[in-house]
Amino acid sequence: MNIMRVVRDLVTTHRVSGLHARQLRVLEDAKGNIEVAVDAVGARAGDFVITIAYSSARIATGDPRVTTDLTIGGIIDDWNEDKFTGRIPAAS
Amino acid sequence: MNIMRVVRDLVTTHRVSGLHARQLRVLEDAKGNIEVAVDAVGARAGDFVITIAYSSARIATGDPRVTTDLTIGGIIDDWNEDKFTGRIPAAS
Amino acid sequence: MNIMRVVRDLVTTHRVSGLHARQLRVLEDAKGNIEVAVDAVGARAGDFVITIAYSSARIATGDPRVTTDLTIGGIIDDWNEDKFTGRIPAAS
Amino acid sequence: MNIMRVVRDLVTTHRVSGLHARQLRVLEDAKGNIEVAVDAVGARAGDFVITIAYSSARIATGDPRVTTDLTIGGIIDDWNEDKFTGRIPAAS
Amino acid sequence: MNIMRVVRDLVTTHRVSGLHARQLRVLEDAKGNIEVAVDAVGARAGDFVITIAYSSARIATGDPRVTTDLTIGGIIDDWNEDKFTGRIPAAS
């Protein structure tokens, strides 16, 4: 799983039925890469979240028919910018 | 899921039966990488779309026997070049 | 799915039963990365092909017991070197 | 599977039910990339571990309903910093 | 599938039951990246092998309950250092 930050919502009027009525969020990782995820926890812009990928992303939505490959699976309580940018001190 | 732009159609007369009669599109991501996807929404060249990968790509086509690993799952309403090239302002 | 070029055949006398009697090809992508795929369409050295990855690779062989993670799924009719090296003009 | 080092625990009060009551660890690979995994073996900060990804990550937890895409599958007995940073001598 | 070279065995006394009694090998790819695989063919240090990833890795072991994401699926008969380092001549 990865740690990403919620940037904004994504609006796609025209989408496949497997994503119908699901909240989509634009996320950014520590390197500035952009991805799109189904939100299963109610995250808000600015939140640091963990993302679940591959086939587990479908199950994590609560309905395995949801055709996502990335789902927000949790909101991190105590993350911050320093950690996000990779400046995690080595374990001692 | 990723955000990509439709470049053109792809013609492959000789292909496996699992891709028979499916529309294939050449897509480009923000870094200029090229990928090929089955189109499940009717996207046109120039559209910004979200792509669904892995096993979810099969389900997103509406027929899990379609042997794709990438499917266009939605057309984005309000994306533009600035966002595509990674110049998304950080959430405040 | 990705676009790759067939370089040559691969000979592995000693292999798992799930790859028994399957044609293996060495492929090269636009960046020079080398991968190995099961050939389901009869591609020849020099052909530009589309490759199907992950669990879809098994199904694309026509027998889901084939233990591949990459399968050649089609031969591209009209690809060329310029397109392969990423010099695809942007859609207008 | 990859070799990573455990950095610390991750606290996410608000998470999907598929991760309920599972220990999450923040891991770092040899290049400094950060990932999050479910811990199935009881690793501690500083341990070098092997990580199992994709659908196998669910099965490795002992309960395939756990919605992870990365699980700590073993603690390495004899790894060290030199090996971790890629200075493995070539096989002779 | 990828082409990698076997570096050495990996010892993990403490591991999940899904990897119990399986031979684990440390592998290196052409760029020096290190990965760990279950060995299903009896490869030795120095051998060039093909590796099978994702869900196919489980099936390739001969027992889909083995919780690996990478399995050695064959030993290459005629590979060498020049090919490994990407100096494969283009197909003519």
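Every chain is named by a letter (A, B, C, D and E) in the order it is written, and numbering of its residues begins at 1.
Criterion: a contact is a pair of C-beta atoms (placed from the backbone, for glycine too) under 8 Å apart; a residue touches a chain by one contact, two chains touch by 3 or more.
For clarity, every value in this text was computed on a predicted model and none was experimentally measured.
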Intersection of the contact lists for chain A and chain D: none
If a chain touches chain C and chain D alike, it appears here: E
Chain centre separation in whole Å, for chain C relative to chain B (CA means): 19
Gap in Å, rounded to a whole number, between the CA centres of chain D and chain B: 31
Per-residue overlap in chain A, given as positions that touch at least 2 other chains: 53-55, 57
Chain contact topology (line, ring, star, complete or other): ring
Order in which chains appear around the ring, chain B first, chain C after it: B, C, E, D, A
Touching residues (chain side chain B, partner chain A) in the complex: 1-3, 30, 40-42, 50, 52-57, 59-60, 62, 71, 73-78, 83, 86, 88, 90-92
List of chain D residues in touch with chain A within their complex: 5-8, 10-19, 24, 26, 28, 32-37, 45-46, 53-55, 57-58, 65, 67-70
